[in-house]
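Same chain, two partners: subunit A is paired with subunit B first, then with subunit C.
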Partner chain A sequence: MAVVAAEAPGLVPARRRRPRRLELRVGIGLIAAVILACVVIPIVNTTDPNALVAAPLQPPSAQHPFGTDTVGRDVFIRVFTAGRLDLALAALGVIVPLVTGTVIGTVIGASRSRTLDVVAMRFTDGLIAFPFMIVVLLIVLILGPEAQIPPLPPGAASVLAATWLVNWTTYARLARARTHVLRQEDFIAATGLLGYSRPRIVVRHLLPSVSPTTATFAVADTLGIVALIAALPFLGAGIQPPTPEWGSIMYEGRGVLSQAWWISLSTVGVVLVLGTGVMMVVDSLISNTRRARLT
Partner chain B sequence: MIAVLRILLGRVLQIVLVALFVTVGTGALVRLIPGDPARAILGSRASPEAVSALRGELGLDLPMIQQLGESVAKLFQGDLGTSFAVRGQDVLSLILPALAVTASLAAVALVFSIVSGVGVGLWLALVRRPEADLAGRLVMTVLLALPGFMAGLILLYVVSVQLKLAPAGGWAGSWPGNARYIWLPALALTIYLGSLIARAVRQAALDTIGEPFVQAARTRGVPRSRIVLRHILPNAILPVIPLVGLNAGFLVSGAVIVESVFALPGLGAKLLEAMGSRDLPVVQGIALITALSIVVFNLLADLANIAADPRLRRSH
Partner chain C sequence: MKHIISDQDLVEVNPMEPEGSINRTVPAAGGVLVASDVTFAYGSGPAVVKNVSLAVPEGAAIGIVGESGSGKSTLASLLVGMLTPTTGTITVGGRPWSSVRRRDPLRLAVQMVFQNPYTALNPRMTALRTVSEVYEACSGAAKAEASEHAREMLQRVGLTGLAIDKRPGEMSGGQCQRVGIARALAANPSVIVADEPTSALDVSVQAQILNLLSDLRQEQGIGLVLISHDLNVVSYLTDSAIVMRHGEVVEQGATDGLLNSPAHPYTRSLIDSVL
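Coming up: the complex of A and B.
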């Protein structure tokens, strides 16, 4: 960067040598810190997240770093126990649509049928236009708050069902667009000339090149799913209390925000550390290495 | 002109398809919800005869295909049906007051986001000190990581509870009194959308600075302020329009959640109420209105984009 700028100070495009390695490392570090905290803290600190340990609404102290909530439970242990659930749900809510969407999109993109392409794209148009919040709320009502997949707490099933039902569409569109670009490439043309079967071309040659694109989007999407799950209690849905979950802790804290900021805002802080890590990883993955400066 | 017509035609077709899809989709989903709306309206003590009479009156005894067909047929006459819970009340007239709250929140947030995003983005592109640029980028990364309703919680604590600059949620019910209540939730939505716009503007401005015509203007001795305002700014704001179009869905669903944090009587509250009372036509109406507003918003963004960028008219 310095070399170019020194030649002609002023309005010059400058190139970075190394594309944002530091950002990637810091981002991964922040995500790892939150995951590690959620795994380790409930093991080390054996306080029951649902136990009444002190007087309600105690401000943060050495004994209870995030204070206590409206009934006297320890917010610190609740937030990190909740993290296990929220992160597990976010992972499940992202990985399944990532896989199904990538496969569907690649197959559609690789197909020679124009009709299939048009019909599939119109279908995803319709699904994408569907207000996601409303689909989630409807599915919550249909399955009922008690619907349960055994290891997960009540309420989780409907959240997952909604993300699985709707979210694959974005991945499918990304994968289709990427496949169309790849089809122009020589190596894909060569597989056709070599007489490879279409399933082989899709599985061995297209999918490996398509998946980095959709996987990058999945990293960003994880944050969106965490936010969505945490927003649901504000709309009267989501994971049912008393199971610790970020959204329900924040929702509980909203009611007493003026007396006990620590319930909502310590949770917001933890999510923010995670989110900043996610944004940094995404930025460094999609970073455009070309930069210019007006000096 | 041909390009404009093609885009218009494509979008109008999309609007019709989305309307059909959402009506049939929510209609089917809504009817899968356990619980009988007629029973919910009359209460648990009503006689079975009264319940079945009401079911007939509401059209609930017809086969599902026929019910869905009728709602689609009505839709094309601009009729969203009548409410189950508030008997005889037109769905559209029930939804409109809530829609006005959500729409004004989204509109104020949009204006805040564009103004602050363009200003901050341009400033970041032009700032000479590398520390300032790094700090700016870092702050925006953090802000982008903050979901709207969590930003709302922080703002509510800092601005309403600590600084007492705004009411802690609520709604006046009439203008201009609402202005006191709307700016803080709008700011909560701006945190994300404004940062997104600022980043795009910064990037576009930096790309423009590298273009030969800016170098040429610079060589001719055009003053810096004129280069920024006449050459860089018009190109830097171009990506804002499609970006706003792409985020229409975020703006609508974000507004619905932020409303519930700030206790505004918008579509979110209306939806919860309608779901609670099994008021199927109202649920369907809200789903349809939000979906359509997103598609129409996209259409407007497309048109604004063509109006703003002459190159798009030529290239097709």
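Coming up: the complex of A and C.
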């Protein structure tokens, strides 16, 4: 008996066409603008971010677009020099937990061992429940505020150590939950019927389907890490002065906010642009992931 | 030929299998796939499959019909070893599923074609990759060799050209189902359990998939267990059938006999509902 007719190849229903990604493009554009500014401005403008260039508390002008701070340093060059450090720390603080947490969570989710699942998840729950700021402060106490990982400045080591120690747990939880959902899918059931080894199922089938979920969270988490790094100077921890860093610039401007609003608000403005871009990208990725699952 | 059970119990099947593909051996006596007095309940809930017995002889096609909730799909999951019976046994090649480990070659003897062709395939793998992986993982073929076998297999199920490099999201339901069938065939099974393989497809595509299953069964002598609520589909493809209701077999026999002179009132009501 012959097959009746060939189907139209490549016929894709309208509901499965890619949606417009204006939000994603604008978000990526905003993030790229901040990153580009942080890379290019310190190259074009060779002013030392710690140099005293004018009188203190000068308002924004053509010469100093973000004004000067309490000791006469150029806020413009300090904000964009600080951005390099904050973004580098955020990337390092997210990538390592993203990879370790995704792998650990997927392996636990794929395991049929109830004991492993219970023990591992209670351990991660304990770490998640422990206040993150306390962990950072404890590590600062243990390592000391001057602890350094070259070429990063003093204080960065404790921030990174804390995020690496704690942050993977959130990714592990997400990955485990997604893996449990995937295990009910027919294509994972088929891998079992075909006798595929567990490492193959994890590496070739589960991880590629789990990683979009954790990667989407990682984009939002990057902003959280930026906020954390910026918050630490308010607790006397984090990056040590005079290294320019967004949190320390805002902290310095806090005391003179009524007279020199430009010190804190210029930094807040840059972080807001970055945050808006990140959230637009996250929203777009989440809605795309939902659409992909529905089709 | 790699023997799974003792030599005197074995016959070689599928003379059409391509060189370098996975070897298939099944016992000569009795059914390839035999369910004996199988009962199954999810957790501590009521039994959804009750005392079902059936045997799938070599190359036979058996239909399982019943309305939604009658236990057909659960029985399919039991037959392929995805679920373990609460009581009773299911044997493949004379051995119970419980003794067949993941890497045991006998694991490949029963494969499944799923109801939803989109969720049955890894959304991130192309059709070619989906099928070639079976050859890599199951027969240890090198990547190039596995791709070549996969191309042949996809061609056999009617997929050629650009379609083989597409992912499920870029293919039609019928194309996805063909990939699902090719993946099952790549394991060189003795029996394919097809759980409502056409119910998620357009009417025009349903006929193509049914013709494909019929052709492949006749060419390769593969046993078929067809789960369906559609009596026309079952009558087209199978020699014998069982009728399930509330997890129990209410009637069984030759498909033509069941459809032309049903003995049980439930079978009659199923036939009447179609007419």
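Before moving on, here are some points about what is shown:
What we mean here is this: the second predicted complex is superposed on the first by the 267 of 295 C-alpha atoms of A that agree within 3 Å, B and C clash if a C-alpha of one lies under 4 Å from a C-alpha of the other, contacts with A are read in each partner's own complex, and residues count from 1 in each chain.
Simple rule for what comes next: a contact is a pair of C-beta atoms (placed from the backbone, for glycine too) under 8 Å apart; a residue touches a chain by one contact, two chains touch by 3 or more.
None of the values given here were measured: they were computed from a predicted structure.
In the superposed model, A:62 makes contact with neither subunit B nor subunit C.
Applying the stated contact rule after C-alpha superposition, one finds that A:138 touches subunit B and leaves subunit C untouched. With both structures placed on the common chain, the touch criterion links A:44 to neither subunit B nor subunit C. Once the two complexes are laid over each other on the shared chain, residue contacts for A:185 go to subunit C alone; subunit B is not touched.
When the shared chain is aligned, subunit C comes close enough to touch A:204, but subunit B does not.
In the superposed model, more residues of subunit A are touched by B than by the other of subunit B and subunit C.
In the superposed pair of complexes, A:193 makes contact with subunit C only, with no contact to subunit B. Shared contact residues of subunit A, touching subunit B in one structure and subunit C in the other: 10-12, 292, 295. On the side of subunit A, the complex with subunit B involves touching residues 10-13, 122, 125-135, 137-139, 141-142, 144, 223, 227, 230-231, 234-236, 250, 253-254, 257-258, 261, 264-265, 268, 271-272, 274-276, 278-280, 283, 288, 291-295.
Subunit A contributes residues 1-12, 16, 185-187, 189-190, 192-198, 200, 204-205, 208-209, 292, 295 to its touches with subunit C in the complex.
Put simply, subunit C touches subunit A in their complex at residues 80-82, 102-105, 107-108, 110-112, 114-116, 118-124, 133-134, 137-138, 158, 161-163, 166, 169-172, 174-175, 180, 183, 187, 205, 207-208, 211-212, 214-215, 218. Considering their complex, residues 14, 17-18, 21-22, 25-26, 29-30, 32-34, 125-126, 128, 141-142, 144-147, 149-150, 153-154, 156-157, 161, 168, 203, 206-207, 209-210, 214-215, 218, 232, 249, 252-253, 256-257, 260-261, 268, 271-272, 275, 283, 286-287, 290-291, 294-295 of subunit B touch subunit A.
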